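Letters A, B, C and D mark the chains as written, and numbering starts fresh at 1 in each.
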Amino acid sequence: MTLIVKTVTRLTVGLILIFGIYIILHGHLSPGGGFAGGVIVALAFVHLMLAFGEDVAVSKISRNLASHLESIGALMFLGVALLGFLGGSFFLNILIKGSPFKLFSAGTIPLSNIAIGIKVGVGLFAIFLALVILEKSKGAK
Amino acid sequence: MDTAIIIPFFVIIPLGAAFLISLLGRYVRRFSEIAICASSLFLLVLCLYARLLLHQATDKILVYKIGGWVPPFGICMVLDGLSAFMLVTVNVVAFFIALYSLSYMEKYTDKPKFFTLFSLMVCGMNGIIVTGDLFNLFVFLEIASISSYALVAFGTEAEELEASFKYAIMGSIASSFIFLGIAFLYGFTSTLNMADIARVLSSKPNAWIVPFVSVLFLTGFGLKAALVPFHAWLPDAHPSAPASISAMLSGILIKTLGVYALVRIFFNIIGATHNYLSILMFLGALSMLVGVILALSQWDLKRLLAYHSISQIGYVVLGIGLGTPLGIFAGLYHLFNHSIFKSLLFLNSGAVDYAAETRDLKETGGLAKVMPVTGWTSLIASMSIAGIPPFNGFFSKLLIIIACIQKGYLGYALCAVIGSILTLASFMKVQKFVFFGQLKPGFQNIKEVPLAMKLSMICLAAICAIGGLMLLPSLKFFLDDAVNVLVQGTRYAASVLGGTLN
Amino acid sequence: MELHILLIFMIFAAIVAIEVKDLLSSVIAVGAVGFALCLAFLILKAPDLAITQLVVEILCLIILIRATIKKDLPLVIEGRWVFNTVSTLAFICLFLFFAWTALRELPRFGEPMMTVVKKYLSEGVSKTGAVNLVTAVILDFRAYDTLGEATVLFTSVIGIMAILRRPGRKKPEDIDNAR
Amino acid sequence: MILYMLCLMLFCVGLYGVLRKRNLIKIIVGLGIMEYSMNLFFVLLGYRFHGRAPIDAQDQTILNMVDPLPQALVLTSIVIGLGVTALVISIAIRMYEKYGTFDITKIKRLKG
């Protein structure tokens, strides 16, 4: 890509990432949530990959790490669900609810949002990476 | 402690197994094999235990409220006679197929991914069976469907990809119709709990929207079950998959996604009137004949079996569509029997493919001499599917025919008899060309398949042989409870909600 | 009113996407439908959906464009074209006619029944602590659905990895070595 | 009512594309359009006139919120749609690699 694209990318990619994390963490207070935030995080990496090529993106997060993080995110969400058994029921929201409109409120909901965010972000990035690597290996052959 | 607490574990165990396999499968040697065997064995034990618990429950129904939210506000899981019956069917077959896959999948790369997807598919089917919420049913249906699309293309050869694409497109159209049906029902009743929908619908008789929604559901689930006007994807998708997945798809996936969901919605939510039942019977009889006639001209072993799946699903739907207790009993009994012998037949075809590396009927011959276990088990399965007396297929087909005559549908009874005769002819062809006759040169040196594959085939054949025992009075409760759920129809609502509102 | 205009725009864009010959133009037209849908969600007071639709649309478009760029589209007209098209159109007309009769029984647009939902609206914040009621529904009242949703995505990621791996089968000599 | 009908017409445009087009990418595009229209239909069912978004505010009480349940369900449905679309695209890319074309009439090896 051209220098202009690379420079703009360098400036914006961090902002996009932070915005994604903000959306994930504030899912219970404002529109958005784990899924939308996770896709934004994935898009930040995709943006990096489109501008600088996949090598730079892979140096930030490798394919193995991505698939591990995805499984860990999924297990974390299942763990949140199983946590409910401590209170007697699957998916019971057992943590203290706190007062509304605060960041630390709503019991397990922010935890679920974080788990989904991790899972979705790295999962979609892994899909994209797999597609790019496929095309590259085809070119090499 | 509430006994209903075991219900969520039907979903949690395969889900946890899938996540762990994808995390650790590549590093810990043999982890994926051990995990899949342990989880499916545990599920098998759990579903038998659940059946036992259900027997002791007062109303023959267990309801579990997820998150403690009372339905219809939260999602509930329901275990009644029909779900317990389906759970036993699914988990028995899934356990033996998992055992078989241990050796069979040596031919493919990346086994951990295979077992992850396999486990997710089991999770999707169990989720469909135990759920009591319409939208939740859709979500788990998608899990099972997406994993099956990926598994059909697991070999990544050209034909597998093409079959998988066709299957994925057809499956997505089916899902769209189902989703649209759910949207209409939500707009009309403003609730998603299946029992609650049934309650609201029964208070609003003669609504025009109900037939429309039933047509949407019939199209959607009919596509998933491959009833005849919607069957075009099945003969491509089922043969292209690895043999253990073909067994899974033909044996239980089309029944859970198609027949079970259709029957649950038609009988327990919408209420089965005479018109719906006659449509079901007609589609069943049509699939029965068209499937078997198309199967006669096939020379590819797996493709032949796939066409027979269409035909046998026709028997199941015809039996259930009769609407009488005997008809439903026969239909469900045939569903169980078919899932056993059809998965066994696909496993046999996989064994032939594994050892002889061909599945063309014209090339094989005399394999019974070099592969005795495969030969004998496939003989038992063929006799079962064709309806030869001591085996289980005979009893269920006989009951279907008797139920047809009892209700006065002599034409349908005749169709069933013709279908059965043609099935017999077609399987005599299979036996003649694959396992009997002259051993072709080049096949002298092939060996019998590995132990795990043999073991699972022998166990399934044993179930085929003793399947007739399920008609004994002491074991009959297993099917009778399932039949009662369907016969009571929309009173399902009262038994689900009644157990939870107080 | 603005919803009508948006929907008509979406239908036109969809027809363009289906009928245009160039694949890239088709993908871009489908992007137009997606962004119009995002606006429609905003008008319908669904900001969560608007955000999600927007980002998903971007991701889908990037993947689709990467898949289609520099690829061919031969124009295909097979035999029985007229018959197939007419039968498809007839089926669609039949579907729309029956849908029309069924739609009359739904509650009128803008006045949903909301029997179950009343409880979510009245007790959602106090019972779950989440201010955003959509989040309260997806992660508390119906969290089990969301577990399913996350699993669907997980399934499709694993499925894509499985489909894109190569080679799919081992060579015969590898199997013999393993034995 | 007119809105519902327009939405179902959008659905039919997608369905036409899936059933009649003979190109893998066009079929995927058709599926995408079907998904959009389904999602929109569900959200339309939950709209109330003069409704407000279902998010509480700190300093005022909000009456007349729109129905949050269809929104939650459609969120799930969007994710499912994304999963299916991505899977189908990857199958199509592998098929392009094997056959060198997206044209379905040249691909047909299997006869259903």
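Note that in this section a residue touches a chain if its C-beta (ideal position, glycine included) is under 8 Å from a C-beta of that chain, and two chains touch if they have at least 3 such contacts.
For clarity, every value in this text was computed on a predicted model and none was experimentally measured.
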Chain of greatest Cα-centre distance to subunit D: B
Inter-chain centre distance, subunit B versus subunit C - centres from mean C-alpha coordinates, in Å: 28
Whole-Å gap separating subunit C and subunit D, where each centre is the average of the chain's CA atoms: 2
Distance from subunit D to subunit A - Cα centre to Cα centre, in angstrom: 23
For subunit A paired with subunit B, centre-to-centre distance based on mean C-alpha positions, whole Å: 36
Per-residue overlap in subunit B, given as positions that touch at least 2 other chains: 15, 19, 22, 66-67, 135, 139, 142, 146, 149-150, 153, 156-157, 161, 164, 187, 192
Shared interface positions of subunit A, touching two or more other chains: 30-31, 33, 35, 67, 70, 74, 78, 81, 90-91, 93, 100-101, 127, 130-131, 134-135
Residues of subunit C engaged with two or more neighbouring chains: 47-48, 52, 56, 59, 63, 67, 99, 104, 106, 112, 114, 116-117, 120, 125, 131-132, 134, 136, 138, 140, 142-149, 151-156, 159-161, 163-164, 166
Contact graph of the chains (line, ring, star, complete, other): complete
Subunit A - residues contacting subunit C, complex: 23, 27-33, 35-36, 39-40, 42-43, 46, 50, 67, 70, 74, 77-78, 81, 90-91, 93, 97-101, 105-109, 112-113, 116, 119-120, 123-124, 126-128, 130-135, 137
Interfacial residue positions of subunit A with respect to subunit D in the complex: 30-31, 33, 35, 100-101, 127, 130-131, 134-135, 138
Of all residues in subunit D, those that touch subunit C in their complex: 1-10, 12-17, 19-23, 25-26, 28-30, 32-33, 36, 39-40, 43-49, 51-56, 65-69, 71-76, 78-87, 89-94, 96, 101-103, 105
Parts of subunit C lying in touch with subunit D, wherever the complex brings them together: 3-4, 7-8, 10-11, 14-15, 17-18, 23, 26-27, 30, 33-34, 37, 40-41, 44-49, 52-53, 56, 59-60, 63-64, 67-68, 71-74, 76, 78, 84-85, 88-89, 92, 95-96, 99-100, 103-104, 106, 108-112, 114, 116-117, 120-121, 124-125, 131-134, 136-138, 142, 145-146, 148-149, 152-153, 155-156, 159-160, 163-164
Complex contacts: residues of subunit B adjacent to subunit D: 135, 139, 142, 146, 149-150, 153, 156-159, 161-166, 168-169, 172-173, 175-176, 179-180, 183, 186-187, 192, 232-233, 235-236, 240
